[in-house]
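Naming follows writing order (A, B, C and D), and every chain is counted from residue 1.
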């Protein structure tokens, strides 16, 4: 019998840290912390987009002081008593310590250039931006909040996929977030999805691709299966730029690639077009 | 024998259900009865060995596949082909047929029986074109008021270069979204492997069932083992950790019922397995056919309630 | 300036008649009239499907005596006073004489194995099955009749496309028939489309592809542009079987290819599935 | 000067319109006014020379294309790319923008200005993927209540091998069907060449307009000449025979109005042409925005009335 094993979730791990986190992995330029912050974590030399933390992302997009966080107190539980090399609860605690976040998504209301919107921003630093029950619940509530306040929802994703430590319940966050988007749409509100590197697996296969407008950051990996999975299972040679934002644009899967410095104005324009409240 | 922890959790779920306004009061008693019967069947928490046995039975090479059930369950079967875009994906089978004289649409992944068919059907791993075919047929069913049955049996969506280029992630999301919008009754049953996104794409249904030895999981045991232990050989350990068996899925509220298999597994008596499946599908549809379309969209509330957090 | 002229309607003309119309163009077997009629105009030797006239098609599908024709008296007018090598009115008169039909479509109510349906059957012998105002109107009325009687509509097409002698009004038969199908669908009735050789141009690009179920006859050409147009404009080499039913099945555009002897039972099954009235 | 046959036909149409319940009485007077104004403008049946001049102007290499109008007509333009299946077709441009402060969706074929752009946009001849992009964007507009404007400018749908393999015929039919279902106001304007199925795919609108020197036809003059006279050089004769000019389209009831161009054609003053187009689009939308969605579907009745028979 032909044997085939498929790991559907990507095994995309956080990119192995370069010698120094402030060194560009593409052109090896090195920056001071304040330089990177100043440039929105975009390499001034080659344009490489470094991973951006959720709170920094929010600060870079919204009108000063306008962000009101929601559901900040939601924490993951451990429904399966999951233990691999270490207990899931230990991994969670460590992620919380190192990121200062309760889980991999931050949600809340904000204004962008004077227009109100709901924000749902993922943080790849928290367990690879994996989606478990808390991410699903926060996203779901963000949809309801957007509907209730009559505002569009803006999402920024960065995720390796579903959080396998929560087993089948992690998979259920796919239909859960899909249903939340459909409820949002029935309420007449728009969703604008910004996909940062990487947006893969279960997040790509659920809410991230269901926005009315899909934006991507330059170079972002946006594939359902990770490149290594594709290569090892199908033995196909991967084309250059496989799964990257630019290929996704070419193949019709995103509306635009927006360099980070232009994201705020782009979102502002889209909020005007979707008649977000002033 | 004192009740197991597993039994306690099921009882707790039963208790919650009794207090939940689900699809109208009249329907609820059927739901409770079904759960009570499940409870009577499964008194024991499955052991790691039980789980591994299900993994093996779910993938057994003689296990009945979607078309094996179709020919036993439906009359007047007419297969519908093509996504109306660029392909007809053999890994996804769609069509119309009569169940107890009632026209239904059926969608399901199809594995292959011999080497040639396995290759042409990509071991039941659909391309985006397969999901788009399923969407098309489910929407056709919606137009004509036909209930939708989905049979889930896939290691996962196909992880190929072309599949990615043609939007695998978006297709899986769109298929779920299409199911969330349907105003006809929908019943999904995992009949073998319910592998991750490739499975949930067609399983956002009013009722979700699993065959007794089917598995339903966010990742394959081998994939999980490879990532967590860097060793695909630790699959059994991985399965024990993430518990893809039907009993655990029921306990977590992910599925609504377990369809019993003949002793030794469905492959030992496909006719009997098909009869048991028919009965379960009929029960589910009987509960659902008179529910108004708008009310059926409450399936969204069910899925939005899934998850555990504090 | 790069110059490009596109004839969008196919220039598919009736296939040049073989030495004798009863000779199979593929395997050159020759048949008597009664043999062909007996075999439903399918070559007993190689399976080639000869073009089938509308009335013969209807006879082959419906329960004896069940067909009640509708709108038989509709005739084309000549809105443009069109004159090419000969006046359009002369071409019409000649077609009417040679086919015994008023135009290229026959419609009416019938029963197939006891189930009621509305039929709209094209005749390629009438000016290449081209769609002008009369075909559009008859199809449109057939949709209404199906809706009114609560029956599915079964269409059989064979057409080179829009009838250019009616100019822009011929093009308007595309949206006209599309709107009729949408009204039929809103009325809750199904449409089953059977595409015979050739179904091309404006008929393919309007009602023929909008059926709930799309069937094709073996070998039928089903392309929007004709092979010669494609070849001459794009200079692309045409793959084997370009635009044929078998390729359309492979590329996902039809549900099934149904050999003519099986068509009646197939339609009967589909009428049962769509709950056509007994 | 006695009234020409052409004028008489227009007057007859005006007479018919006065007795037709079209989109409610309040809207009808605007329709009549518009037609009266058209009548005042065009008193003369176009000669064969006039028709050929329009054919040449409609294809003039300096004629403004869709994006030339977009930049002059819309604020906050945001182009939307891709069919969410397998391609982004440059021959079809889609996006959102503000017209007089009102968000609209715009779809339109786009020819290329220089050689490179002409190639990448296939001279404005869309592939099926282009029509699927348009469908997607029109449905997005429908979801959010944005009116849809389509600008038609194509020699026809692209007649390529891949286009056929990817379902060109079905895509054109589906695009029309999608427009027949929309519950938002829709206005189409043929701004250059309205070539056959490739054009009508995005022109099943509540109001259909043509620029003064645009052409709208079932086949190109060259194609018609080639088929009927076996000589593409007879294009001028063919055009005279099938009359693709705006005046004749108006007379036949195929379009609802003619948008005047600057003297000498739109290319002589694109800004002025854009102003005239804006005015016509604004008038049409003003008539339509308050019409309930279900009533807008009466556009089907208009298209179903087209044709001449006895």
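Please note the rule applied: contacts are C-beta pairs under 8 Å (C-beta built on N, C-alpha and C of every residue); 3 or more make two chains touch, one makes a residue touch a chain.
Everything quoted here is computed from the prediction, not taken from an experiment.
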Smallest count of steps, each to a touching chain, taking chain B to chain D: 1
Of A-D and C-D, whichever chain pair has more C-beta contact pairs: C-D
Distance from the mean Cα position of chain C to that of chain A, given in whole angstrom: 51
CA centroid of chain A to CA centroid of chain D, Å: 41
Separation of chain A from chain B, taking each centre as the mean of its C-alpha atoms, in whole Å: 28
Residue numbers of chain C (touch at least two other chains): 251-253
Where chain D touches two or more other chains, by residue: 84-86, 165-167, 170, 174
Chains grouped in pairs wherever the two touch, ordered by label: A-B, A-D, B-C, B-D, C-D
Interface residues, chain B side, partner chain D - complex: 84-86, 128, 132, 165-167, 170, 174
Chain D-facing residues of chain C, complex: 1-2, 4-9, 11, 74-77, 79-80, 82-85, 132-134, 136-137, 140, 162, 164-176, 178-183, 200-202, 204-210, 222-225, 229-230, 233-234, 236, 238-239, 242-243, 247, 251-253
List of chain C residues in touch with chain B within their complex: 185, 188, 190, 212-213, 249-256, 266, 269-270, 272-275
Residues of chain B that touch chain A when the two form their complex: 61, 115, 118, 123, 125, 155-157, 159-161, 163-170, 172-174, 176-177, 180-181, 195-201, 203-204, 216-220, 222-224, 226-229, 232, 238, 241-244, 248-249, 252, 254, 299-301, 303-304, 306-310
Chain C contact footprint on chain B (complex, rising order): 76, 78-88, 96-98, 103, 129, 133, 140, 143-145
